[in-house]
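Multiple structures follow.
In the two assemblies presented below, subunit A is common to both, partnered first by subunit B and then by subunit C.
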Partner chain A sequence: MTTSSTGAATAQEIEQELSCHLEKRTKRSWAPEEDLFASGALSSLFAMELVVYLEKAFGVMIGGPDLRMENFRTVRAMSSMVLRLGGDAEEGGDA
Partner chain B sequence: MSAGRVAPSPQVPVKCLVWDLDNTLWQGILLEDETVTLPEAVLTTIRALDARGILQSVASKNDHETAWEQLHALGVAEFFVLPEIGWGVKSASVRRIAEQLGFAHSTIAFIDDQPAERAEVAFHLPDVRCYPAEQATRLSGLPEFTPATTTVDSQQRRRLYQAGFERAAERASFAGPDEDFLRSLELVLCVARASGAELSRVEELTLRTSQMNATGVHYPDAELRRLLTDPAHEVLVATLADRFGPHGAVGVLLVHKHREMWHLKLLATSCRVVSFGVGTVIVNWLVDQASRAGVHLVADFRPTDRNRIMEVAYRFAGFGEEECACHLVPADASPGVLRLHLTPAPRPAPTTMLVEAPDLAEREGMQPP
Partner chain C sequence: MGTEWVEDTVYTATAVENYRGNAHRIDWNGADVFGPRDISILFRRKTAIGASGRDRRTGPHGERGGPVTAPRLAVVGAGVMGVGIASLALGHGVPVLLVETDASRLAGAPARVHQHLRLARLTGALPAEEAPARLATSASLAGAADAAAVVEAVTENGACKAEVLSEAAMIVAPGTPLISNTSSIPIDELADSVSCPESLLGTHFMNPPYLIPTVEVIRGKRTGELALAAALRLLSALKRTPVVVGDTPGFVTSRILHPMINDAVRVVESGTATAEEVDALLQGCLGHRTGPLRTADLIGLDNLLDSLRVLHERTGDEGCRPTALLVDKVEAGHLGRKTGRGFYEYGETLL
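Moving on, here comes the complex of A and B:
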């Protein structure tokens, strides 16, 4: 259901998808540069969920050295990591 | 008498006894008689099994509310977990109880005055041991109801399970973000230097919680016991409690203290408490302690397909694979084990739980320079 069928997602598409997921999961909205962990609002189990979610939703593998909090601190940081790792925003349908 | 099968080997201890109510637990039929009575000898049995850490439940064809009120009125409701009171077949009730407890059928016992009910359960669940009501007051004398050892945790096992169910129910109905829920639990994490008595609980942890065992290395009881008296090693046990009750022993750490570096050789936490972020809280506490002691930290980590959450805990806490001179101290890294390194800085206390812990930097056994 994404607009482009060529796969490569834009930063905007990724951020949109991510914000939507976060809002559903945390029951509040997050600005792109807002620090998810600063408020102490999110637990370590949630960090693990985020890792799994990003890998599934954008088809990337996040290796050990990338599992740094800086890469997960904001919607924007996660989006640039996903782009760097070559993610696409095709949801569903794929195996 | 009770026609039927030979019971499975009495060597397998019973972990949960499921009671019928009418003319089994109490005398009388609730929906027909004016009153029902609880024989003193049955009450004695219930108390004895409870003290041995054997859980007890109910499978009864009755009106749920009426029967549950009657159990309260008789003063025994608190002894029963996951009661199944309704009009379904009893094998389905027993099956659900076993499933929710995560127990094998061979560890479940069922007691009922009706031969047909026992036959129905035995037919569908051949591994469940069935007893006629006449045996109720003799159960505590049977070998399968006599566990070899009774530990601190077995004496409060029912409380642990009940607290777990209440917690799960509360969580299911809680709509806010995770940490608000965690704060509402009023968690208290207590980290303490292990004494001899706690080591059996520690061993149970390192054996059973492979998922959270970050090193993937088992330290046998004898080895940990030997390290208890070694001034260069810290053997620590973490226990957790909340407003619903205790969780028991939930974590174990083994730290080898070198002069400029502390080596975290073992960190295992129970899967039961992973959703509370206990792993992260323990790691951050240790980072803060190392910072106070002015030492670097090295943590062993053997990645498996089941312990990635521990890697997330380490990496999010700041552990990395950078080279540092302090690495050279511990030799003998087993193959497949990563040595993650951290230069500690002070860490704030967690906002989700209260941590009570000793000051590791102050132990007098530290090697003189």
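Moving on, here comes the complex of A and C:
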């Protein structure tokens, strides 16, 4: 919903927006390769919140085989999954 | 000559229809023997053969057949727990009839079940390769007539629960286990409202039910062996580990946890520490998995308030008297994760 309407977002744009969202939600910053769940401070319920967020913000559908914790563990992992799934900016926002 | 029982392992839609009203009982059986992938023979039915010797497996017009289908679980109440329990069952291949009288909640239930199944898959809590069983929804309990067990998961209020259980008892086949999912209401208090108190027992699933493998099971004074055994087989089919306990207000987990959460709220209320600080200390120093206030948000503050009232009324323990801050939050509609705000703010409300 915040992406431009000119086609696919770049990895950098995705990572930036994702980092911003995470900082807002967790009240701390995260390095691109930092494991969100390693410390135990964030739970698997937070991972599900990220699924819903990514689908809304980047207009992707995260289906069966992609629903694995590995894909949500780091900012980089999430952004590469979004890129792979199309990350079509024009699909962003309410479908 | 008495009643004879025949056992069969094949289920047909027509047969289930034909059985309604006949003297029979459906038994959860063989969950240890048959894996969830073999769902068509996961359960066995015992059918009474009358003195006439007529095999009631044959319908009134002698018909048999139809597609093989597993008997389903009826879940009453599509709130947080009802939807969670339904998801757990569906994910383990058990078809579910989800009953809810609130129209908008009923309409939203399939989407919420879908999100739960995704969360379960994401966390590896359910087998990824298996397709979930079929979900049916209804505003009426009437469809529960063929249910192999009923799980009542309506609001934590004795009168509401008693009404549903009483209606369910009249609809299902004799011997069908009636399971009240409650965090604190004694089962024996509910037993007076059902025609068959020996079929009634309690469970206390944690939230979300598929992420927490252990289930508190409550055996009331009048709970029969058969109902308890059937419920334990159901839990085994759902890959849960039961711990059977006695029947007092709050049983074990709520009797210990809810006054503790109430104390945590009191600490926040008095300004000693923030919710984040309380949780950080309980997690970091005492090994609590999420901290009491995050747990409160996950339970639902309205449910926690109901439960504390049940405990306070029945035990007289002043530690169970709900703190003003908790009451205020519930009155303001901040019920925790399910409304997006409780002791914490949540980005997306999905559970």
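FYI, the second predicted complex is superposed on the first by the 82 of 95 C-alpha atoms of A that agree within 3 Å, B and C clash if a C-alpha of one lies under 4 Å from a C-alpha of the other, contacts with A are read in each partner's own complex, and residues count from 1 in each chain.
Here, contacts are C-beta pairs under 8 Å (C-beta built on N, C-alpha and C of every residue); 3 or more make two chains touch, one makes a residue touch a chain.
Since we're looking at a predicted model, the values are computed, not measured.
Once the two complexes are overlaid on the shared chain, A:Glu13 sits clear of subunit B and of subunit C alike. Of the two partner chains, subunit B is the only one that A:Thr26 touches; subunit C does not reach it. Within the superposed three-chain model, A:Glu34 lies out of touch with both subunit B and subunit C [touch as defined at top]. In the superposed pair of complexes, A:Tyr53 makes contact with subunit C only, with no contact to subunit B.
Counting contacts by the rule stated earlier, residues 40, 43-45, 47-48, 51, 64, 67-69, 72 of subunit A appear in both its interface with subunit B and its interface with subunit C. Against subunit A, in their complex, subunit B makes its touches with residues 175-179, 182, 274-277, 279-280, 303, 308-309, 311-313, 315-316, 318, 320-321, 338, 351-352.
Against subunit C, the residues of subunit A that register as touching in their complex are 21, 25, 40, 43-45, 47-49, 51-53, 64, 67-69, 72.
For subunit A in complex with subunit B, the residues that touch the partner chain are 26-28, 40-48, 51, 64-65, 67-69, 72.
Residues 115, 118-119, 121-124, 128, 208, 211, 283, 290, 298, 337, 346-348, 350-351 of subunit C are the ones touching subunit A in the complex.
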